[in-house]
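In the two complexes below, chain A is the common chain; its partner is chain B in one and chain C in the other.
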Partner chain A sequence: MMRVNLTLKPMGSWSIPIEAESIIPANFLSGTDLTVWRGNRELGLEEAFSVSVVGGADRAEDVEIVLAGKTARLKRVGEYMDAGKITVLGDIGMHCGNFMTGGTIEIQGNADGWLGREMGGGSIICRGNAADYCASGYRGGRKGMTGGRVEVYGRVGDFLAENLAGGTVIVHGDAGDMPGAEMRGGTLIIHGDCTRPAANMKDGACYVYGTARWMLPTFRNLGTVRHEGRTLIQFTGDVANRGKGNLFVGNYEYLD
Partner chain B sequence: MTELLVKNAHVIDPLSGINGETMDIAIRDGKIVEEVSAAAEVIDASGMLTMPGGIDSHTHICGTKVNFGRYMSPEDMRAGRTPRRGPMHATSGYSVPTTYGNSYRYSVMGYTTLLEGAMAPLEARHTHEEFTYTPLQDTMANTLFDGNWSIMEAIRDGDVKRVAAIIAWTLSAVKGFGVKLTNPGGTEAWQWGKNVSCIRDPVPYFGVTPAEIIRSVIEANELLHLPHSVHLHCNNLGTPGNYTCTLGSLGLAPDLNPRRQTLYATHVQFHAYGGSGWKDFSSKSEPIANLVNMRPQVVIDMGQILFGRTTTMTADGPMEFNLYRLHHEKWSNHDVELETGSGIIPVIYRRKNLVNSVMWAIGLELALLTKSPWQCLLTTDNPNGAPFVRYPEIIGLLMSRRYRDAEFATIHPDTGSRVPLPAIDREMDWYEIAVMTRAGQARALGIQDLGKGHLAPGADADVAIYPIRIDEVDPSADYQKVIDGFSRTEYTIKRGRVVARRGECVVHGSNSTLWVRPKVSENYDMGKDPEFVEKFDRYYTVRMSNYPVQEQYLNRSRCIETETEL
Partner chain C sequence: MNVKDAVCPFCGCLCDDIEVEIEGDRLVGVTNACELGATKFLGGERLKSPIRREGKAWKEISYDEAIRYAADMLLDAERPLLYGWSGTHGEAQCVGVHMAELVRGVIDNTSSVCHGPSVLAIQEVGHPGCTLGVVKNRADLLIYWGSNPIDAHPRHLSRYTCYAEGFFLENAFRDRKVVVVDVRKTQTANIADEFVRVRPGGDYAILSALRTIVRGKTDTIPRMVAGVTRDQLIRVADLCLNAKFGAVYFGLGLTMIPGKYKNIRNAIELVTELNRHTKFTISAMRGHYNVYGSNEVNTWMTGYPFAIDFSRGIAFYNPGETTAVDVLARKECDAALIVGSDPAAHFPRRCIEHLAEIPVVQLDPYPNATTAFCKVQIPVAVTGVDAEGTAYRMDGVPIRTRKVLSSDYLSDEEVLSRMYALMQEALKR
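== the complex of A and B ==
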């Protein structure tokens, strides 16, 4: 096992975020001679972080990266990661786990926008809240997340799991507006409340255990079903998009 | 005075009758000359394949429609990003790249002249502004007249000279080059919630048929002695069984011009479909190629599709709306006042899809079954069939039966029973490819006299030198070498300067825009015609005086004045 401890050095008066797509387990198999970017300046890893490596590994699966310090503005950590583990002790910046295909990212604090965007596999656990576009697609794309698992214990912002095409997304708190918009596959589970779920969905399953407010009128009510000890109301739609998705809600309210 | 000498070039220059001679090309001040002084800069082409700069006679690279394709597809902008490098600006985009992206990628492939396939007259300024930022190619714009109210009224009244006069005024005003008819009458009919199914359906209100529009506009085009013929996108694009309509449309073309064709039918692949629906969809390339073989007055271009992601964009509004109803993906449609319209949809052509597989075969069949390469030019209707960066693959497919068979083995298994492609043995040679990618274009567009598409003394010094030694490469077997060679020139020379070298553009560049001003008599000056002026003031959202594109919008304006019969 190899454990890489990275502690972000105080950024002083800098407000420019650091882009750190190089921080993935596989890259540390060949040492710590990596770079990150702050604006248009390329920094050596050691310039931005206090680095310590314990143990060794010859495959990415055996590498764990632990990020400490004020990492709320550290972007693109874990982008394209395929194995191993990243643990973030505090908050993490935008685009964490973009395109990841394997391994695990665990965030003890909150995550900023675009957590796990377009991921294809692996798992992300966020103990705090996640901001907008969690587990979503990107501008204009047809497919968002295609596989893997994202679990958020707190709240999430708007456009959760937009364009979801595969995999599982679980949120234990509330979600914002438009979760599961343009869904075409996969499973989205929201334990709390949300507004306007599953707009324009084509396929897949969206569960809202709490109340779906501003419920869209373009879903057909199929009656109640039992699901894992709960009684939920099943809808199908989005009829406006010839969709065949399933939306299950605990309660719903239409917009007056 | 700048001089350049390209030594030991292995030249194929069909318009000059040169097929594979090793020779030197002398260049002075942007023109090909007989000889240069000893002080000239020397490029040793050492036996490499050298041709006139490539010409694309139908591509969509600039204008409102293309730009709408850009901003409705941010995902396309994520592909093909390149950083700033030397004189090259940063670029992005794959099927609808930024203007610099288009210009650099064309230049690296040896292309020096481009014709934007469809410019709505009202939106011409945008096209010309984007031309300015397409610096490494000379540009021209086909101007849309398919749904022009005044023209349709003149046709209804049987006044071909008035049709010609309106075309003359509009081309001069918007700095257009040629006359484009896109689904003539169809986009106007669509504004009434209809379409025209073929050339005999009348357009609502105006009461004229597409056949009448095509015939009258062809006559008007020849009255004006325009360099290019009418450029036609037939009715009924993309519908099973539409080949009969295409045959009917091509059959309308009289033989009026000894120097070039009288009708240029574009992206004919999309118009060569048999069957009564998608279930019995099949190729009808044979009857179309047979008709073209019998009619020297017709030139077509392929409109080849290649598998992968791209964006469809056309002035054919109803067609794009039908495509939207088929795919139910994002889509845009647009109306251009008294003139035309447009639509845009991103698509993916898939090998696993039978219809797409048949379409792929049809484009190749049209090229292979048309006997004269001068009559079937190489295009993808960029980006409708595929982005132009994939032209070299098409060259590979046309030159190698083995490559076609290898590709054929990967497409939908039922394709074989619906297309004649597997029975075609023809493999094109270097000379035919040179015709299909530059010489044929120059002749069809009528720009060989302006020094385009050939390397005779006096011609523009637009030269493409490809790293291919044609006596060492067997295109039939080494098709990958052909593809690689045509993808990246050793040198691209534009107006006597090396502009691209081994995949890198080395200068900022500055293009010319070619446009046409037909000289008409006072009686036919539409700017003074009370009825035309009144119609303009009444229905357009812009004033007639604000409508013409000022010459300041043109970078290196190159006006072609024509003597007309008006």
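== the complex of A and C ==
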């Protein structure tokens, strides 16, 4: 096992974000001669982080990266990651786990926007809250997340799992506006409340155990069903979009 | 002296039938323009020369000094923001994009706080649009959704829609039906054949309901949707289906409400659905006279219409992250160049607070709210008055604005070109 400890150094008064797509387990198999970007300046990994490596590994599965310091503005960590583990002790910046296909990312704090954008496999666990576009796609793209699993223990922002096409997204708290918008596959589970779930959905399954506020009028009510010890109301739609998806809600309120 | 066929540099209508009266070096009269346009032509008290903040006072400096300051500021920055661009001509916008790429900054225009969501929706589902001329000559149904042209685009109705002659309509004024959808009874709602009053935030539900009714699935819709009865929605759907040619014009009442671009996407998908039955188009009521041009220039030069981050040397686009409001609110830039807009008058407080902390240079003919946050302001000629250049009308038609007056002011393009030349020189060394 190899354990890489990265502690972000204080970066002065500005909060120019650092883009660190080089921080994935596979890259540390060949040493720590990596670079990150602060704005338009390229920095060596050791200019931005205090680096210590314990143990060794010859495959990415055996590498764990532990990120410490004020990492809330650290973007693109774990992008294209395919194996191994990244643990973030605090908060993490935007685009954490973009396009990842394998391995695990665990965030002890909060995650900023686009957590697990367009991910295809692996798993992300966020112990705090996640911001907007968690487990979503990219602007104008037709498919968002296609596989893997994202689990958030706190709340999430708007447009959760937009364009969801595969995989599982679980949120233990509330979600914001329009979770599961345009979804065409996969499973989205929200334990709390949200507004306008599954807008314009084509296919897939969306569960809201709490209350769906501003429920869209274009879903057809199919009656109640039992699901894991809960009684939920099943809808199908979005009829406006010729959709055949399933939306299950604990309660719902129309904006009438 | 009178100048005919001047182009009004105020709103996206870009009216090109304005007559202005010139006496010596002053513009004294404007005919044909609306009140907004006339005020823009007649102007106000302009800055005489570039100014630099020194302690609590302003000091007049030369153009050379001001341009040098701006060039150095942008070269020193790790993530400069170049914002505005909608109030200037296309040629200046081109130089701006080159500059952003050279200094590896973030370039964004005012569409990120107006019709940016429309652009995002168009990227998702396309744009079934057409020019204003087609609507003028053919449309027999007009839908103004979340827009109030009588106040914001006063000549839109008389030049292109309700009150305009139509080549393919026998009695255009009587034949055209008007639907207005808004949260309050606006001036435009007063002339509507059908006024749909939506509860704030309910537009998405209304659009979905209309799509469903047009599909013939009316039984799914509850009796009341966001403050509108199902019967009224059926009436509106019938008006749309019975029209020979319908045109939807939407404004910020649809782009800047919860759901943002999803509302526009839904409106576009309604239009797509209606096109299975009749001819329908949809377009945005663009605000600044050349905000459309700014999107065009950015797109042909970088591939993206706004919010472009060059910090890694390639163009990266992600509204919500690389848009000016987000960059400023998150304090993610360390210098700002503002051209042809007034962010301090329109941005949230947190953004302005960051503007106050970083060096800011503004190009603008007049002192405005952003002046209070500038280190340096450089007065420039007003495009369409004492400078000429290309602008794009709200329907994407490029129109060359005219110079109707001579002055000693440099145009945006001249100032920016000199700034760009200094930067190129500095980077060669």
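We adopt the following convention: the second predicted complex is superposed on the first by the 256 of 256 C-alpha atoms of A that agree within 3 Å, B and C clash if a C-alpha of one lies under 4 Å from a C-alpha of the other, contacts with A are read in each partner's own complex, and residues count from 1 in each chain.
Here, a contact is a pair of C-beta atoms (placed from the backbone, for glycine too) under 8 Å apart; a residue touches a chain by one contact, two chains touch by 3 or more.
Everything numeric in this text was worked out from a predicted model, so none of it was measured.
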- Message: Contacts for A:Asn241 in the overlay, against chain B (first) and chain C (second): which applies, first, second, both or neither?
- Response: both
- Can A:Ser30 be said to touch chain B (first), chain C (second), both, or neither? neither
- Note on the structure: Max touched-residue count on chain A (chain B vs chain C) belongs to chain C
- Look at A:Arg139 in the shared chain and tell me whether it touches chain B only, chain C only, both, or neither; answer first, second, both or neither. both
- Message: Can you give me the overlap between the chain B contact set and the chain C contact set on chain A?
- Response: 138-140, 241-242
- Message: Per the contact definition, I'd like the list of chain A residues that touch chain B in the complex.
- Response: 138-142, 241-242
- Query: Any idea which chain C residues touch chain A in the complex?
  - Reply: 77-79, 103-105, 120, 123-124, 199, 201-202, 204-205, 208-209, 211-212, 215, 217, 220-222, 224-227, 258-259, 262, 265-266, 269, 310-313, 317-321, 330-334
- Task: Spell out the part of chain A that touches chain C in their complex, as residue ranges.
- Result: 14-17, 19, 37-41, 73, 94, 113-114, 132-133, 138-140, 177-178, 181, 195-196, 199-200, 214, 216-220, 237-242, 254-256
- Item | chain A-touching residues of chain B, taken from the complex the two chains share | 72-78, 328-329
